[in-house]
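Below: one structure, written as structure tokens.
The first chain written gets the first letter, and so on, giving A, B, C and D; residue counts start at 1 in each chain.
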Amino acid sequence: MIKTALVGYGYWGPNLLRNFSKLPNCEMMAVVEKRSEIHSKIQVAFPNVVCFEDFDILMNNCEVDAIVIATPVHTHYPIAKKALLAGKHVLIEKPMTSSAEEAKELISIAEQSNLTLMVDHTFLYSGAVIKMKELMENGEIGNPKYFDSTRINLGLFQPDVNVLWDLAPHDISILTYLVNYKPVSVNAVGVCHTQNGIENIAYLTINFEEDFIAHFNCSWTSPVKVRSTLIGGEDKMLFYNDLDPSEKIRVYNTSYTHQVLEEEKNRLLVDYRTGDVFIPKIDNTEALYGVASDFLQAIENGTEPIASKELGLLVVQVLEAAQKSIKNNGSIVYI
Amino acid sequence: MIKTALVGYGYWGPNLLRNFSKLPNCEMMAVVEKRSEIHSKIQVAFPNVVCFEDFDILMNNCEVDAIVIATPVHTHYPIAKKALLAGKHVLIEKPMTSSAEEAKELISIAEQSNLTLMVDHTFLYSGAVIKMKELMENGEIGNPKYFDSTRINLGLFQPDVNVLWDLAPHDISILTYLVNYKPVSVNAVGVCHTQNGIENIAYLTINFEEDFIAHFNCSWTSPVKVRSTLIGGEDKMLFYNDLDPSEKIRVYNTSYTHQVLEEEKNRLLVDYRTGDVFIPKIDNTEALYGVASDFLQAIENGTEPIASKELGLLVVQVLEAAQKSIKNNGSIVYI
Amino acid sequence: MIKTALVGYGYWGPNLLRNFSKLPNCEMMAVVEKRSEIHSKIQVAFPNVVCFEDFDILMNNCEVDAIVIATPVHTHYPIAKKALLAGKHVLIEKPMTSSAEEAKELISIAEQSNLTLMVDHTFLYSGAVIKMKELMENGEIGNPKYFDSTRINLGLFQPDVNVLWDLAPHDISILTYLVNYKPVSVNAVGVCHTQNGIENIAYLTINFEEDFIAHFNCSWTSPVKVRSTLIGGEDKMLFYNDLDPSEKIRVYNTSYTHQVLEEEKNRLLVDYRTGDVFIPKIDNTEALYGVASDFLQAIENGTEPIASKELGLLVVQVLEAAQKSIKNNGSIVYI
Amino acid sequence: MIKTALVGYGYWGPNLLRNFSKLPNCEMMAVVEKRSEIHSKIQVAFPNVVCFEDFDILMNNCEVDAIVIATPVHTHYPIAKKALLAGKHVLIEKPMTSSAEEAKELISIAEQSNLTLMVDHTFLYSGAVIKMKELMENGEIGNPKYFDSTRINLGLFQPDVNVLWDLAPHDISILTYLVNYKPVSVNAVGVCHTQNGIENIAYLTINFEEDFIAHFNCSWTSPVKVRSTLIGGEDKMLFYNDLDPSEKIRVYNTSYTHQVLEEEKNRLLVDYRTGDVFIPKIDNTEALYGVASDFLQAIENGTEPIASKELGLLVVQVLEAAQKSIKNNGSIVYI
């Protein structure tokens, strides 16, 4: 039985508490939440949970094995560091930290202490991404050639981070999980429609050594909500529409091949193929339940979870490079 | 009666011939087409048209007032130059030329000779773009804040130009026509999935002095066909879906405003508003008929057509800068 | 403060309890639920509510002013009758009763005792139906000409009532609320794919004295889920798609007019008009909150609620006639 | 080489002429068209075709082997009868005749003379219907349980026949072709919004001995255009959307099974299964080319075409019964 405490009971905290509470190998012991006025509400719903205002009390509690951090991004690093140093396993909300340096330090501490450190990239545990991983792992799609993601809607302007830090972690984590190529560099551009210098529309490209490209279109200011990704493979192509209630993944039996015609002055011949479309049934289990389950299993077995610390670091590295590229007029920034 | 000749009877030529033939103030006299084997087919359909293999014969014909050029892009400049120097009015297929330098020279000749020089940016004459222009001109949308266009499908790989030169002229011309801000610079990235170094996927951003951004997503390798554009205004937002047979334009009564709260440490407050959606009825007249009509009217009245030579030049300047940016790893390139 | 008790805590009961509990002029006192094992669960969520297994205890309780009945259809009549005779106001789940005779008797008792009797036709309180009522009341649509509704999906087979009794009450109540014409007769056909003789697919037509027709397509065995209604008016037409998350109502500025050409041997000339489409913003307040609120207000003010007992009776009359028509091979049955 | 003549050059005639002209084993000799002013237009496009005003001239022409009839419905019978009696093979536009009696007489003459008599139910030769036939023939769908078709739009009001005679022949022929059960009776209702008594909205149900039902929703007065059919099978279900440009057929791996639980008082237990969706690629060959080709092949080989005379008769029998049912207030009418 892993004794677990949650830090932060804002937007995402209740979902974490609810899912961890369902797991048989977990005992949710405590919630840390500054706003003491909501403690009673938490305790009505979860009578066995103790509520604290102060995080430090928890650190001195030897009983707690694991800490789940769902606080604002800039507090991830100090809280996680304290927890790791106190010998606790740690799950952090995405994005992992505000900088790659912070993420690297946390990874180093976790490794030295043999502690599980994991990032809550929830989408990796959704039925749709699990299905795409399966299709790509078993070779059905062929070598991936591009990843093109759009995540736009009329969204809440974040006061401290730009739209990429807010929305792109989902898609960057999916890319990193599905495609085995190593990101090399990024280009990013954006625009800010307010006076605070924080971009509300941004476009990010990740470059690779292979002839593969990944592009991300993020906006808080679109009248239509779009959450879709195209993944082109040599043999088939995937369309992932997260807003479709029942048909999230479409597998297009579509591809193109090319050959150079030597006899015709090196003319390039491109052949297209379009075929059937296949819409696989997707498992509807709540993704966050998978996150909680994988975290506990990683602790118990000493294995690396799917949303590993290295994946979490890579997402932060890409975001950091993207921000630098935006400030440098879209110039290439190496990761 | 304006005596007109068409040069090039490939993919687009028949459409031009058909539309020009419908106009009362136009007499289609001749078609120049190298493949003499299709001359008879042209003459069956248009008995009054004479067919030539060689363009030069036409230049010495004093009767011809205007030349319509629908040949491959790299031939636009030499043919148009000859025609202008021979005193003919000229309509060129998009994109106008292979380089801005060529376009500028053609403009200079046309101006010196008081000849009409126009580029066939057909979309500017479509019911959808005319409706958007009307909505934006009468102030209903408010100051434009962004333009985000996607034009992707499983498309024919062009052997000589990349996907931006092939697909983006449509959207760049629409942007240029609808939005009065002056493009300043571009960033572009792309990927080539063949050995000929010609990008089949590319992303282009156009930067402006104002807090306005334009982004273009172009691909020949998408299993789904998308031709859509979002235009965000201060008061309303437009969604233009060119593939919808009956509802191409949606006007979202959606916007956001922001204010700085002085009392709360300069905190930024953003307010959203979502409201009704309006789908105006669109005129279905064939856009190319409007092109032909505007060309003839410009000749007759000495006025500038909507798809003006300056607009055509600007499109080429953007494409040229984009190509340079792609080759420079996405760095900013000024126009 | 109206003291209210809920009878039945199955599928719909929790929603009723939650919504009534939110109303300031209501005190939820008790829940009657046979399955005593779930009483504790109810009391955790609603500590002020007392739970009973037996309905009769409640009847002898002088404090209770109003009863909300959410039990199986065939129990509506006996429970409601007891409650009314005990001087309680009554809200019944749809459909009101198993037969028109039962409904009429309840209405008679309620009228004699000046008690509020209302049926929970929830859809009448949804933002979409409220908007359609508004559009039709202010004359924007013109005289209604037809109502065509489809409500199909892979749905739970009910063990005791056919698909019309299960699904059509929603649409019949909407029709009855929106259109002022009086139903005269029905035709209905159906098919049963099991051995119990209960139709899982059925088609219902309601006939009127006016040249107006209403048709209902109901199925528990469709692979696609459809919940849509077309309402044609003389001036405009409505399309109501309850599954669209943000665009439930579309107003088509479409109509047709006809005239008889006397000079041409009484030839009929029909003229079409298609125009803009308008998608009004819809209020998203939970419809059931409106139901609860209207019930309490009707009690307090002695007024008739929107989902009145007469409307509830009419729905049952149509269903009863439909069942008779199905059994008579689709023959017309007068209401 | 089969020498063929076309009678009637209205809406559909040009398509027939164009497709028959493409076939290598056909020589289009003549077109009969009363409006002599369009004869020259026909001859420009098809120089080898002779045009007549009068049908009878053609009958005395011994050279003509086959007659294609594309005239108004009420003229099908007299023209086809003359042609058959003159020893010509006959293809008739759908619906075959105005009455079953007429159709039966034509069939009788054709059989006595060993002549091919075929009805142009074009949809049977479309890629979508061919694919559905294939899926149903190879048993993938299982026993069919229902057929539910909707064909509505803002359509041309026909002056002489109601909306069922105009639109339903398509869907009735598809039903008849795909499903092997024998129609037994019909119920139909409708409404007329003009003064000529011709229904512009109508609903038709076809009943069978099996627990199978077919329903048809037809309207000339819908603001939205719908052309879709659901076919439920015991194992899988089909959704056919003729308006989708690239995904006309969807195969849902969805079904339900039921069993009677003896131990629980004969309670019925229904189990649902939902699974993947499959969108097969459809052949895009023009359906009318298949019609022409099948007609010629039937003549050459003395075989029965897919759109056989018996199928054509059955469609007319259903329409005739439907009209009778409408006039009898929706009562059942046996075929």
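Assorted remarks:
Definition applied: a residue touches a chain if its C-beta (ideal position, glycine included) is under 8 Å from a C-beta of that chain, and two chains touch if they have at least 3 such contacts.
Everything quoted here is computed from the prediction, not taken from an experiment.
The chain with its Cα centre farthest from the Cα centre of subunit C is B.
Of the chain pairs B-C, A-B or A-D, the one whose interface repeats that of C-D, sharing more than half of its contact pairs by residue number, is A-B. Annotation: 44 Å between the Cα-based centres of subunit A and subunit C.
Here the CA centre of subunit B is 54 Å from the CA centre of subunit C. Taking the mean of the C-alpha atoms as each chain's centre, subunit A and subunit B sit 39 Å apart.
Multi-chain contact residues, meaning those touching two or more other chains, occur in subunit A at positions 274. Here subunit C touches subunit B in the complex through residues 247, 253, 274-281, going by the rule given at the top. Interface residues of subunit D facing subunit C in the complex, by the touch rule stated above, are 145-146, 148, 150, 152, 154, 156-157, 159, 185, 187, 189-196, 201, 203, 205, 207, 211-213, 215, 217, 219, 221-224, 230, 232, 237, 239, 252, 254, 256, 258, 260, 267-268, 270, 272, 274, 329-332.
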